[in-house]
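Pasting a structure here, questions to come.
As written, the chain order gives the labels A, B, C and D, with residue 1 at the start of each chain.
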Amino acid sequence: MSLVAALAGDAEIAAQFAEGAEIAAILFFEAELAKAQGALGIIDPEAARQIAAAAQAFEPDMDVVRHGMARDGVAVPALVKALRVAIGEPHGQMLHHCATSQDAIDTGLMLRMKRVLQVLENRLSTLLHDLAQLSEEQGSTRLMAHTRMQAALPFSAADKLASWCGPLQSHCSRLHELAQSLPVQLGGPIGTGSSFGPRYRELRAALAARLDLRDSAPWHSDRTPILDIAQSFALLGGTLGKIGLDIALMAQADTVRLAGGGTSSAMAHKQNPVGAELLIALGRLNAGLLGTLAQSMLHENERSGAAWTLEWLVLPQMAEASGAALLQGSTLLHGLRFQAAR
Amino acid sequence: MSLVAALAGDAEIAAQFAEGAEIAAILFFEAELAKAQGALGIIDPEAARQIAAAAQAFEPDMDVVRHGMARDGVAVPALVKALRVAIGEPHGQMLHHCATSQDAIDTGLMLRMKRVLQVLENRLSTLLHDLAQLSEEQGSTRLMAHTRMQAALPFSAADKLASWCGPLQSHCSRLHELAQSLPVQLGGPIGTGSSFGPRYRELRAALAARLDLRDSAPWHSDRTPILDIAQSFALLGGTLGKIGLDIALMAQADTVRLAGGGTSSAMAHKQNPVGAELLIALGRLNAGLLGTLAQSMLHENERSGAAWTLEWLVLPQMAEASGAALLQGSTLLHGLRFQAAR
Amino acid sequence: MSLVAALAGDAEIAAQFAEGAEIAAILFFEAELAKAQGALGIIDPEAARQIAAAAQAFEPDMDVVRHGMARDGVAVPALVKALRVAIGEPHGQMLHHCATSQDAIDTGLMLRMKRVLQVLENRLSTLLHDLAQLSEEQGSTRLMAHTRMQAALPFSAADKLASWCGPLQSHCSRLHELAQSLPVQLGGPIGTGSSFGPRYRELRAALAARLDLRDSAPWHSDRTPILDIAQSFALLGGTLGKIGLDIALMAQADTVRLAGGGTSSAMAHKQNPVGAELLIALGRLNAGLLGTLAQSMLHENERSGAAWTLEWLVLPQMAEASGAALLQGSTLLHGLRFQAAR
Amino acid sequence: MSLVAALAGDAEIAAQFAEGAEIAAILFFEAELAKAQGALGIIDPEAARQIAAAAQAFEPDMDVVRHGMARDGVAVPALVKALRVAIGEPHGQMLHHCATSQDAIDTGLMLRMKRVLQVLENRLSTLLHDLAQLSEEQGSTRLMAHTRMQAALPFSAADKLASWCGPLQSHCSRLHELAQSLPVQLGGPIGTGSSFGPRYRELRAALAARLDLRDSAPWHSDRTPILDIAQSFALLGGTLGKIGLDIALMAQADTVRLAGGGTSSAMAHKQNPVGAELLIALGRLNAGLLGTLAQSMLHENERSGAAWTLEWLVLPQMAEASGAALLQGSTLLHGLRFQAAR
């Protein structure tokens, strides 16, 4: 772990991107796929039962999985192979039946993203509640509005807070809607669904329902769902970064006081608006990462290992930065006291 | 004009960002604001009539406007001053009544963005129609699907085309919905609406209706609407870039032939997939610009000249790149002939 | 032209990227290549003379050139074809002998970049001189240093100015060194130089000397020289953006006063630090564009139309933003008056 | 740890950014600063001895350090406080004498960056050696050069390899020069050096010599050194990404064969060029991150917590991506076999 993680990390969000969580989500996909295939008679119901039971209990040898990841660029082949052995014959062969690694990985990501989005939405709801309370308690304080870095006209703390809450409320709805509409991925080797046979659509709908995801055509090479999640992170990070900028500027002009400001190794009199600065840094990070991630829209052919891997390197840190910004924003606002402008 | 504009430019979209179009949109905002204020009795209806008539006919001295832009960072103060002189007293003073530059500029941008989005939507609809026809005519051609840059399994040209049409259809809906929901901007000097008096909400709704924009709380310092437009450009550019990549790769493997490929100054035998490469370049451009633009979410205080100016430097080129990609994509697809994989 | 060009444009730099300048640079390359080939006996000296004379006087039909650009992705084939006709037989065929479009275009870009870098260096030298004078005149003014957005300890305007001059001096040296070391491009169709025959190295060195460029192995698919130029633009823009941030913050705290601040359409009392905000916007633009341009390092095969075209869309605007920042920075500093901190 | 770390991680580089390594580097700075101050008589030589001995042996309570990091935005205040207690009075007060957190952190970063650059340089030297051997062994294989995604003219594997080695050799020199010229940071609370008294320059030079860093004026608010390191990472990642692109394209056309290609969960016949794709992903990541990091050039005032924190979030991953690309590139090239073009 790096030191900066103590400042800018978010253990709860990071946990969703740890290898254990990723493997659990993949195994859950495999179990539910088998159950859905069993229920439709695509595979033997007994195979489905055994696969589901084994997948749920499976604790893979992580060295084998990591080695497979490094060799294959995805962990699924090694994981499926090991789990098939654990299931044994004849049912092991029905594990991952007709599916491809991308089905398991993208669906697994959506399952974890749902939790991430829900965590963020919950935190943001609380933050909005705190802002409303702040407005109730301190909203009448007279402040000076600033435009183009110059004092403009007087307004109230309630006005300032309203300018923060508006976009945050809209982002909160966006997080909620995204979480409700994350798509299942089920397309088979080349993303056409044809490997699953004549009842493909039915199977896909059943799987989506089991996983509480949205039924969707395969999006193997169309990464719009990823970009829309990333956009929500960049917007959230951007608005929290804007709040950080506002607070840092007000702290400099002494129109807000902050509890628990950072101490300095050289100047004992200082109270640094560390939380506000962190919001700015996280906002700029997410903004830049959005542009980097958007390069992965250029996803060549029916599956691009290059564009896909880029997503794995960028999206998790956007999620964690968003989560950390919410944690930090909450702390910052709890200790914030507006000072009437002179 | 640069040479690259002959390749990657889009005169129709660019025209919406020329100074004439920007001023016309601002003048239209001022005229309709006056009419809305006149209708509500906020200003003298006669003033409203004269302002609207003058604004409609006004041809400002562009040197004065440009000089004002350079001095003030916005053209509105110089433009309003000159138009007030043209209207004369007593009604001139009622021009731009209670409004601020950002109201005129952001609303003017939304008016032009509506046209941009509609042009893009129309082109994309046509492209989708062309793709459907291509699928009808050549869809049965057997191709090889590729995953991770390797031949995977055979599929048909119809399958390939379906993987292009899916995201394009979704982008087309997005462009349509965006165009229908672009927000009016009316907040006054510090974005609270208070300058407009007790009938502010009524006035704002009336103005939005006149301009065929969505009534909205002021978004002076919340740039989500800008980012959502930019996201649509990055998604569109990204999918067209993906199609460019696919075509360039198929051209290299001789599984597509292209009409009108580029000639080479050194190798007479070559047919370069210039249009496909251009789609890739435009897609990567828009991806990167999205991240640059997202920095402007960190919009300090009640109005940030810095963050706002950054938008003006980035968003127009994203729009033009999107338009150029659609023009080029259309040409490319018209001359495309799938070759059965050997 | 857009309105924002009146604020953020730089006509002198932009002129180097206009089609006339690009074509002139290409024609100059062709003339000097012919002369170098003539001097070495690679082509008939009489052919060299006629080619050089014709290239110098050539005024191509721009519609033909633009049409060629749109068809071929580069203007050179159409331009060479037209110039060959103008030269006539037998010597016309010796124009562009053994060369490829990229040789002409990249070398032509370097010729223009040299002028761009020199313009920037000259402006930056003047700015540094102005800063030195400012330090002499106002350096003893007591200011407050700020760290982490909080008042830290008192220091002098001279200290503040020194923190600006240090990096600017280093950037000035960098611009100078870059301008002195821009590489010629001469590699032929596939960048190996082999098309030019046994005296290739001699020819390349001679051409570089004629063009006052650095002799260099072909860099057709290695875009390091482009990235190093872009890096200098991002650094320059970044430091000027930092100065803009500092000035905007000091203006807000009234520790600097600015001449000619922007006026507001709504608030007559305001003096907006428009120039300072513009520096911030241009700095953030160049930062983001650097990351977008860096994608073009992934230049596939022996020549990538996609990656190359991306450069043309990004590098010129970085150059112009750098130039505009220097123009604006100069104006800003001329009107700057430090106010002693209270 | 995430699964993707098994593919795209680099444990050796990552170790330089772990909290233990960061604290060790800070403690080393403090020890050498005390020794330099002791040798110059700025502090009591006995204090210097005790400080150096204690710093060398110090094992801080990491919970305290992390808590300090979270509160202060930097770990130095908490670390210095704890170490002062360990040293005891009267000498403890002389620890970190006249210095500021940024001196310790930036210098500590440069100490670790030196090791990072050296590791990368060593790996790149080995890679260049391997490429030379590959050229010797397989250089005569006839390949087809491709320009603009089309077959152009035949050339040899040696030509192809030369186009890879040229930029890599230049990057190798750059890494070497950077490692030799990393600057010490010693500026005190507001970066002017004045806190250190009349012998400041002498002290700074002595400290730089002790740490084997370059003596340099303070660069607290001038982040050029950080950007130049990042540029070297983006160039290295970009060229390796270009090689990845070339190899993936050649693998698709069967003009290279790769040892140990990735297996597929759905298609047993496939050999995926996983390493080549990873190089592309890492190259695109570093390109985008360069643009994100460049935003931190806009470092307001005498120290920006926001801009500085952004560096900590971006630079380490660029270093690790560069290292991973070299590891992966080496494996990839070892198993590469050119196939003569048909």
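The rule is simple: contacts are C-beta pairs under 8 Å (C-beta built on N, C-alpha and C of every residue); 3 or more make two chains touch, one makes a residue touch a chain.
Everything numeric in this text was worked out from a predicted model, so none of it was measured.
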Chain pair with more C-beta contacts, B-D versus B-C: B-C
Furthest chain, CA centroid comparison against subunit A: C
CA centroid of subunit B to CA centroid of subunit D, Å: 40
Approximate Å spacing (C-alpha centroids) for the pair subunit B, subunit C: 28
In subunit A, residues with contacts to at least two other chains: 73, 146-149, 152-153, 189, 248-249, 262, 264, 267, 272-274, 277, 280, 284, 287-289, 291-292, 295, 304-305
Residue numbers on subunit C that touch subunit B, as the complex places them: 1-8, 17-19, 22-23, 65-67, 69-77, 80, 96, 99-101, 104, 188-189, 195, 244, 248, 260, 262-267, 272-274, 277-278, 280-282, 284-285, 287-289, 291-293, 295-296, 304-307, 309-310, 312-314, 316-317, 321
Contact footprint of subunit B on subunit A as seen in their complex: 73, 145-149, 152-153, 155, 159, 162-163, 166-167, 170-171, 189-192, 194, 217, 219-224, 227-228, 231, 234-235, 237-239, 241-242, 245-246, 249, 280, 283-284, 286-292, 294-295, 297-305
Complex contact set, residues of subunit A against subunit C: 146-153, 248-249, 251-253, 262, 264, 267, 270-274, 276-277, 288, 291-292, 295
